[in-house]
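In what follows, a single structure is set out as structure tokens and then discussed.
In this document, chain identifiers A, B and C correspond to the written order of the chains, with residue numbering beginning at 1 in each.
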Amino acid sequence: MAEQLYNAIFVGSIYALFAVGFALVFSVLDILNLAHPVVFMLGAFVALFCMSTFGLPAALAAVAAFLVTGLFGIFLDRVAFAPLRRRGAPPLSAMISSLGFAIVVIRLMELRYGPDLTSYPAGSLPQTVLQLGDARVDGLRLLIIGLAILLMAALTYVVRATQLGRDIRALAENPRAARLLGVDVDRAIAATFFISSGLGGVAGALLGFAYNAIYPQMGTPYELKAFTVMVVGGMGSLPGAVLGAYILGIGEIAALVFLPAELAELRDAFAFGLLFLVLVIRPRGLLGHRAVERA
Amino acid sequence: MDALGEFFRVYQTTIGVIGINALLALSVWITLYAGQLTLGNAAFMAIGAYGAALLGMRLGVPFPLGLMLGAGLSAALALPLGLAVFRLRGVYLAIATIGFGEVVRVVLLTLPFTGKALGLNGIPPLTELWHIYLSLAVVAYGLWRVQGSTVGRAWAAIREDEIAAASQGIAIRRYKLAAFVAGAAIAAWAGGLSAHLNFSIEPGDFGFTRAVQILVYAVVGGTPSVAGPVLGATLLTALPEILRPLREYRDIFAGLILMGVIIYLPRGLVTLAELRKTRRLQEIGAADVA
Amino acid sequence: MLLECDGISKRFGGVHAVADVGLAVASGQVFGLIGPNGAGKTTLVNLISGHLRIDAGAIRFAGADVTRLAPHALTARGIARTFQGVRLFKGLTALENVLVGRHARMRSDVLRRLWPRGVPDRRDRESAGLLLERLGLMRPQALAGELSYGDQRRLEIARALASEPRLLILDEPAAGMNPAESARLRELMRALVTEGLTIVLIEHDVRLVMGTCERVAVLNFGRKIAESTPAEIQASPIVREAYLGSEDAA
């Protein structure tokens, strides 16, 4: 039972790292970045590249994943979103543009690495198993949970306590006012994408480490779960995304534990059923404060 | 003439698929025209596909009746769904319909009589090309005429400015629901036709990816007129065939076309026709999709 | 009394946007509604037109209780409005905008149009064209989004008139108009009243309000602080303080 709990927290942590980047872009720019699963996947592959080609240890590879995908995120914005922002296009256009971008990149990765599972180099990942109480826990997963919490704490610090964070929050609240108040909008947007994609990339690398199996389409299932996470937690709310992620993680593992084997597929339905329920009953989600319904 | 006959025989399935995709694109177009972004039409397609196939195979229901019942079932589900979500704006509506789509997919994976993950096999190939194209012609014609009527204008008004539209005496909920339900029914009809064109169907055929694909047909083709979705579906379905030698890179082209259109020709490829009049890309790029 | 509001209140969070406001507009009147920015005028209009739900109070139109009705139902009963800052259907032509305005009075022609020869109701198109001419809009096929600001304002009025309302609410129709244009607006309003229309006018343009309104109500901080003839309102110290007081704070 305790093992399942650790598992749930692990799953929740990955969801959280993924969703928080997604939510960040949404809260600042009001768009759903459908290319986010791409940076998630790229992070895993960047780590692979660093470890197999340069022989870097996993820890450094993860750092590299963060930096490379962060920069890639800025590139993504320049190519797919910035031209639309310039002419004031509605959010749907941005979604579709990022979709096109994602299709291209994922396909390129499939051409390079093949659509099937790839593993990290043998022996490059720690294999310890710890005994905590009466549960046997994978040390790597525990480490990942710790890292995820650390990263989210770092994000909280940046958003609340730094000038950059204040700029980003101002931009999220009211873009026009922010511009008038002298916020360097371009820099704030670039920083938003750097942070969002970097976190997504690290999440992908960490997940890759945990399962030791990565593939170009690995981001898509997380993208769909991320919708639920954001809606449950409240669209546009970062703490909401984190909360939603853990609720989903725990809910899914609980569903797995309590459902008979034949109905295991319904575990996925749990996420979407929840999504649906929240949108219909309390569209604002738990911590959201954005207008979800039309006036 | 022989060459034409040969062409038909080789590409028969593709031509059929083009027609079905055009129907699906039109099903999304209606809701886009009324200002709603739905990603649930792949699920309605699934309901039509499974409905018609199961009714035909297990209960011996004649094909046309099976199609109608499938469409009817979809419409019946679309109504409460639409009521539940019509107030949600933009992105949230999209997400809600994605959620619905996933629930349907998972239910199909779980219900005993749907064949679960293996899907349904051995569906009799009852669909003829003329079924598909007659349906397409009827639907396209109907939508074209509706576009110029009070209903079409009401939808356009809702899309442009819902708050102002309400004050013009337009019952917003009723009109949005009508578009949503009509789209669901058309998608289901297309699904029923599709199931009897291919020999088998499985839940994975009707997921998020498919829903996005249908949306892309409509958006790339263009939203100002009925011709848009048909054009988009034709082009994007035929593209893999045309680019067969470049099979590996087809998706990349598709993705690039998608980005190019949405950034430079946001109302879709049909607006290229307006180039003759205005000669300036900026002018047609002025307005956006929805 | 054509329009009666009793004790209307609306809260957003902890703030009363409109608090206990009562109005009575007689048929054939031009009734002015003024007040400093943020006084709640537009919120009140949104409540009357059904776009917002009232928290407390009641609204009666032509004797019938219309408190909970949706905007389209109110339009069907004869209440039309324009919006602060113009909300036109920019992608539609001027003529189409007015045709949409007539929606409540048109029979649905969907079934007729399904036949290839079916033609839209010529009478509706003609009356829409006449309305456009009356409002000085000479290009019915122009896209609403491409019209000049003044034309857009007048198109919005034409659209509102297309529903053949008994009550027309104008929300700051003269904003951005030059004196010649607002004089024309004054003429139009007078003509409409002689034709039997009742008008509620929200405005900051003092001359327009004084020149057309028979009665004026003043809102401040969501409450009605005065209601009287234009002359008395102009002379009222309470009203002056409301405006000056808000200028001090600004």
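Going forward, contacts are C-beta pairs under 8 Å (C-beta built on N, C-alpha and C of every residue); 3 or more make two chains touch, one makes a residue touch a chain.
All figures in this text were calculated on a predicted structure; none of them were measured in a lab.
Note on connectivity: the fewest steps through touching chains from subunit A to subunit C is 2. With centres defined by CA atoms alone, the chain at the far end from subunit B is C.
When the interfaces B-C and A-B are ranked by how many C-beta pairs touch across them, A-B comes first. Averaging the CA coordinates per chain and comparing them to the mean over all protein CA atoms picks out B as nearest. Annotation: 48 Å between the Cα-based centres of subunit A and subunit C. Separation between the centroids of subunit B and subunit C, computed from CA atoms only, is 40 Å.
Subunit A and subunit B have Cα centroids lying 30 Å from one another. Contact with two or more other chains is made by residues 51 of subunit C. Each of the following residues of subunit A touches two or more other chains: 295. Shown for subunit B are the residues that touch two or more other chains, namely 163. Those residues of subunit B that touch subunit A in the complex are listed here as 37, 84-85, 87-92, 94-96, 98-100, 102-103, 106-107, 109-110, 162-163, 208-209, 212, 215-216, 219, 248-249, 251-252, 254-259, 262-263, 266, 285, 288-290.
Listed in rising order, the residues of subunit C touching subunit B in the complex are 49-51, 70-73, 75-76, 80-81, 83, 87-92, 96, 99-101, 103-110, 113-114, 118, 120, 145, 159-160, 163. Here subunit A touches subunit B in the complex through residues 30, 32, 79-80, 83-84, 87, 89-93, 95-97, 99-104, 107-108, 111, 220, 224, 227-228, 231, 235, 262-263, 265-266, 268-269, 271-273, 275-276, 279-280, 283, 291-295, going by the rule given at the top.
On the side of subunit B, the complex with subunit C involves touching residues 142, 145-146, 148-151, 153-154, 156-157, 160-161, 163-172, 287.
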